[in-house]
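Chain naming follows the written order as A, B, C and D, and within any one chain the residues start at number 1.
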Amino acid sequence: MQLGMIGLGRMGANIVRRIVADGHTAVGYERHAPLIDELSAELDAAFSGTTDLAEFVSRLETPRVVWVMIPAGATGAVIDQVAELLEPGDIIIDGGNSRYHEDIQRAERLSPKGIHYVDIGTSGGVFGRTRGFCLMIGGEAGPVKYLDPLLRSIAPGVDAAPRTPGRTGEPSPAEQGYLHCGPAGAGHFVKMVHNGIEYGAMAAYAEGLNILHKADYGTGYDGGAHSAEETPLEHPEYYRYDIDIPEVTEVWRRGSVVASWLLDLTAAALHADPNLDSFGGRVSDSGEGRWTIDAAIDIGVPVPVLSAALFQRFSSRGEAHYADKMLSAMRKAFGGHNELPQE
Amino acid sequence: MQLGMIGLGRMGANIVRRIVADGHTAVGYERHAPLIDELSAELDAAFSGTTDLAEFVSRLETPRVVWVMIPAGATGAVIDQVAELLEPGDIIIDGGNSRYHEDIQRAERLSPKGIHYVDIGTSGGVFGRTRGFCLMIGGEAGPVKYLDPLLRSIAPGVDAAPRTPGRTGEPSPAEQGYLHCGPAGAGHFVKMVHNGIEYGAMAAYAEGLNILHKADYGTGYDGGAHSAEETPLEHPEYYRYDIDIPEVTEVWRRGSVVASWLLDLTAAALHADPNLDSFGGRVSDSGEGRWTIDAAIDIGVPVPVLSAALFQRFSSRGEAHYADKMLSAMRKAFGGHNELPQE
Amino acid sequence: MQLGMIGLGRMGANIVRRIVADGHTAVGYERHAPLIDELSAELDAAFSGTTDLAEFVSRLETPRVVWVMIPAGATGAVIDQVAELLEPGDIIIDGGNSRYHEDIQRAERLSPKGIHYVDIGTSGGVFGRTRGFCLMIGGEAGPVKYLDPLLRSIAPGVDAAPRTPGRTGEPSPAEQGYLHCGPAGAGHFVKMVHNGIEYGAMAAYAEGLNILHKADYGTGYDGGAHSAEETPLEHPEYYRYDIDIPEVTEVWRRGSVVASWLLDLTAAALHADPNLDSFGGRVSDSGEGRWTIDAAIDIGVPVPVLSAALFQRFSSRGEAHYADKMLSAMRKAFGGHNELPQE
Amino acid sequence: MQLGMIGLGRMGANIVRRIVADGHTAVGYERHAPLIDELSAELDAAFSGTTDLAEFVSRLETPRVVWVMIPAGATGAVIDQVAELLEPGDIIIDGGNSRYHEDIQRAERLSPKGIHYVDIGTSGGVFGRTRGFCLMIGGEAGPVKYLDPLLRSIAPGVDAAPRTPGRTGEPSPAEQGYLHCGPAGAGHFVKMVHNGIEYGAMAAYAEGLNILHKADYGTGYDGGAHSAEETPLEHPEYYRYDIDIPEVTEVWRRGSVVASWLLDLTAAALHADPNLDSFGGRVSDSGEGRWTIDAAIDIGVPVPVLSAALFQRFSSRGEAHYADKMLSAMRKAFGGHNELPQE
């Protein structure tokens, strides 16, 4: 089967590599020519690329399958452009990080032209090429079914994890790592929630490890009676541990309840940089985490954990600073408390 | 009636001033002689002080009333000392910020000696002298009743607020600003929860005002497409306000649902320092806020708001830094994301 | 000065009453005739009303001042209707609970017609008639200035609270209880944040009082060793208080740091219904609390307290139920734990 | 090597099974004789058991290794009992869920007798027998080293997960699933934090799946204008998905960032009971989650996510009910709002 890929950055190229490795072919469109050359050299005849969008479309067999894999900000315009060149029955896939609202609008806009729109939330990051990508798919049933051979090649496959007890027979698509979640937007919706969960789980590890990090707080503790503004530690003897955090993340990887892929990566990161010296602690957030909370609020779902994780990221970037100054101002106003200097 | 006061710092001295103004007399013990001299000069015959604890005790009429008003860390030792000099029927009051656990233990320890122990949580801060102190009291009914004339003088009195609809007749002690909350420790327990609430309410204002502070975020917004790691602002036109925050806190003081004494102080602080330039944003916490959460956890009460307020104070002092670096390490591990530089 | 009021429900009627009491006159439009009759009888010649919108407009002196005070859901349509009947220079005020986004859009829509649009966030609830309404105002400077005499009559006035230290001379509008916050939408924006803060402050009290409510948890505690699934209480002796919560809320009203109008109301509610028997615990939320979090997320402001307060309301309505069942399913899966029956 | 096991419940028996399978022998003490018989029949000569504690001790080779694996509430008394029968050089292991404070105290108490105390936090639940147990160990270096052959047999072994990139040579104990974390208490301390993280991660999944569960909220939405007390849904068209949640948890197991053992179990639970009909949603918590927050508060570490997860469990058991009623009372007081009936 043939795939047209718009955008040959890391994600786009790796998807092409996976389908070609599985016997499919690909045509690529990319404005940056060296990326085309590189992939052509690597994949030989199974792949050809062009910097010309019309040429790209012309090389595709009908019904055309056009996967757009570019930064979310640019996706809308490119979809509009390529849609002008397509014909009824063709399929456009948005595999990037669009907000699912846009999917719903785009599908409606393309529908009168007979063009099918499929949104695919893609998880897997830099490891996707070898590990496979987890694919969450939204769109009409027919086109999604048509894409099945490609999706199967991109996804990790059933062997990537032990089968769930009770599941037998031919593995379902979900067991192979791809799932048709519902109509337009459903793929990005499920991917959005996936990322919301990711934020929460990451924060759970980070907070817990921070406790281990400070478990030596009572060592050499002198009573802390520097000031009435500090709470003395009642039992310094309970906090005299010097925990080897890289080793703890390693030991949890086997047999514990918190074993996870995130923990695997955390253990690897800590093995490489045990004190995290290469990080400054300004944590970005890239949309899905925010949209998850927005959606929860719209439909009245309580998400205290997911939101706390998001807000901690904001705080890591200094965004609580004004609020903190306000608190200090209040404390001074009613109690005459001055701020303590940084230790 | 006569009051013995141990500790003539701001709080102790102001309590003495209030009872003397109401016709009572006081004897003070204080190691720092100038504080004695100052108060003596101010209060004439109604007050005498000494730097000698035995002398202090000897000047008190029986049953003696000894109010200890010194930093929490020193309170226990001083109570033990003075208890050695007292007789059955005497009353020791801890008016400081002890944890209520200690009250329960002290009351048990002093009981065999016939000494009554009363714990009084005292709220009012630097304004207490003129505004009166809100008193939350724990201990046996008899001694607390005996103290009534003094408590009434220290408390704000019923005129400090409009009477609650439906309350008629002789104002109850609670309406005058002092309340016998229960046996030993109950006073500090209720004061502890008071401070827990205080943290939550302060944070509510601070977070809300921070939103107003950043309400100009969309002004001159250029699309924010600096990086795939930043979420673009969908509607910059919604965030082009230049809100005068000191004026907003002022307007809310009259007629709004969030009018409060904390807001009065906030408006005053912002009038004096509109941009909070005199504050750095390191917010201390002084015990009660922590103990409130500890108690809630012990008895299974959900306190998501009070705890979030406490943890925000920890974060304001940089205590989330290690966790934040861990999050950045994870993001880099699975997504290849590098941290963005500080803007 | 003359005010046209659309909607003579509780809020609209009370605003009319306040301006009439201050010497202004009013014309009312209301579909429900008895409300007109009632207000006419009460206010005599200073007020006239009609169920006919054109008639209403015709009775207004130019430039017309039309205040729309109806449920948010109906506001947009009515504004469109009345705008058809107005002339350049007239002023439409939305005094309801619209989202500020709509204000921005409406102002833009009305601008080409020369009609001025002013949004006013109005706080004060059922007490506004006597206490005055706190007014947060958005719109162009000219029309807002033109409305000044009316706004001054509706607002509480400077005597509603002690003047903030340092403020002298002629009281500013903010000191009288009304504030021009910025261009279109700024009024509802500030009101929205006001309500977000309100949610947080309410939750702070509610959580703290819940701790007091359960302070008797250790009374008669039998060790709690019903099951390995329950955490035994380490120190039951710390939780044997029987706190009189209505009295605590009363005592905090005078002299304490948490004194507030909300606390006044809480004390009154608890005096009337000490065990809250008339409430079931399903807490509604009415838009502003949600929009506050949405705005904070848009501009990257951490609001852990305000969001926790909102989500607790969702939970109070059973919206965490599915998540809770999921947690139980996980616990059973890894630990073999069955749910404990309700006690 | 020989192991003495006190308590042959599920956990104790499975540990015995693992060491016997690896060539070690075991002696068991258990008050409930059938459990002994069962294990004897299964393990033949490698295991013998008794209901007599002195007999149990007499069968152990010196230095004796006594692993106590019974409910936390009973552990202290049994350790005291058995310690009376032991000799200098013997080792007592607490493999249960004790709070680490107790470990510190017990180690100090046993030290003068020359008895070594080792605390082992054990994770793995019902799957530990086949999957191996993750062991977090506290105590003196010598005794922990002495136990190495047993620990290695109980732990999962290095093959239980891919090796972390960069780790080469002989696998460290951590890589095999057991880790000496520090002196007395360190094992249970790290296990405690492990469970704190577990709560947070579980909540992250549960909240996210709850959003998916309610993603059909806009289907058939009629405007929601039942009352001014409900927020109308602005875009019902965004919430018309009917998500197959069991399939989503399955698809996330392969290739996604949130793949984890918890997710494996969740997918299995949902495959068996797709609508979670067998659960009521009352979520227990068993100590470690609470102690994690207590520790964080002691040492000033912000844990907004872990605490939110704990408090949600409290709320699931109805513990927010009083607070919720208080909120309703406040709303009625200032706004005249009545509670809406349950739908």
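Convention: contacts are C-beta pairs under 8 Å (C-beta built on N, C-alpha and C of every residue); 3 or more make two chains touch, one makes a residue touch a chain.
Remember, predicted model here, so these are calculated numbers, not experimental data.
Trainee: Going by the stated contact rule, which chains contact chain A and chain B alike?
Mentor: Touches both chain A and chain B: C, D.
Trainee: When contacts are scored as defined above, which chain pair ends up with more C-beta pairs, A-C or A-D?
Mentor: A-D
Trainee: Relative to chain B, which chain has the most distant C-alpha mean position?
Mentor: Chain centre farthest from chain B's centre: A.
Trainee: Centroid from C-alpha atoms only, then distance chain A to chain D, rounded to Å. What do you get?
Mentor: Spacing between the chain centres: roughly 28 Å.
Trainee: Using Cα averages as centroids, what's the distance between chain A and chain C in whole Å?
Mentor: 38
Trainee: Can you list every residue of chain C that touches 2 or more other chains, as numbers and ranges?
Mentor: Residues 125, 203, 205, 207, 209-210, 214, 257, 261-262, 268, 290, 298, 300-304, 308, 311-312, 315, 319-320, 323, 334 of chain C each touch two or more of the other chains.
Trainee: Where on chain C does chain D make contact in their complex?
Mentor: Listed in rising order, the residues are 10, 71-73, 97, 125-127, 202-203, 205-207, 209-210, 213-214, 223, 225, 227-232, 261-262, 265-266, 268-270, 273, 276, 278-287, 290, 304, 308, 312-313, 315-316, 318-337, 339-342.
Trainee: Where on chain B is chain C touching in the complex?
Mentor: My answer: residues 100-101, 104, 123-125, 128, 131-136, 155-158, 160-162, 164-167, 172-179, 181-183, 185-186, 189-190, 193-201, 203-205, 207-212, 214-215, 217-218, 233-235, 237-244, 247-248, 250-264, 267-268, 271-272, 292, 295-296, 298-306, 308-309, 311-312.
Trainee: Going by the contact rule at the top, pick out the chain B residues touching chain D in the complex.
Mentor: Answer in residue numbers: 257, 290, 293-294, 297-298, 300-304, 307-308, 310-312, 314-315, 317, 319-320, 323, 334.
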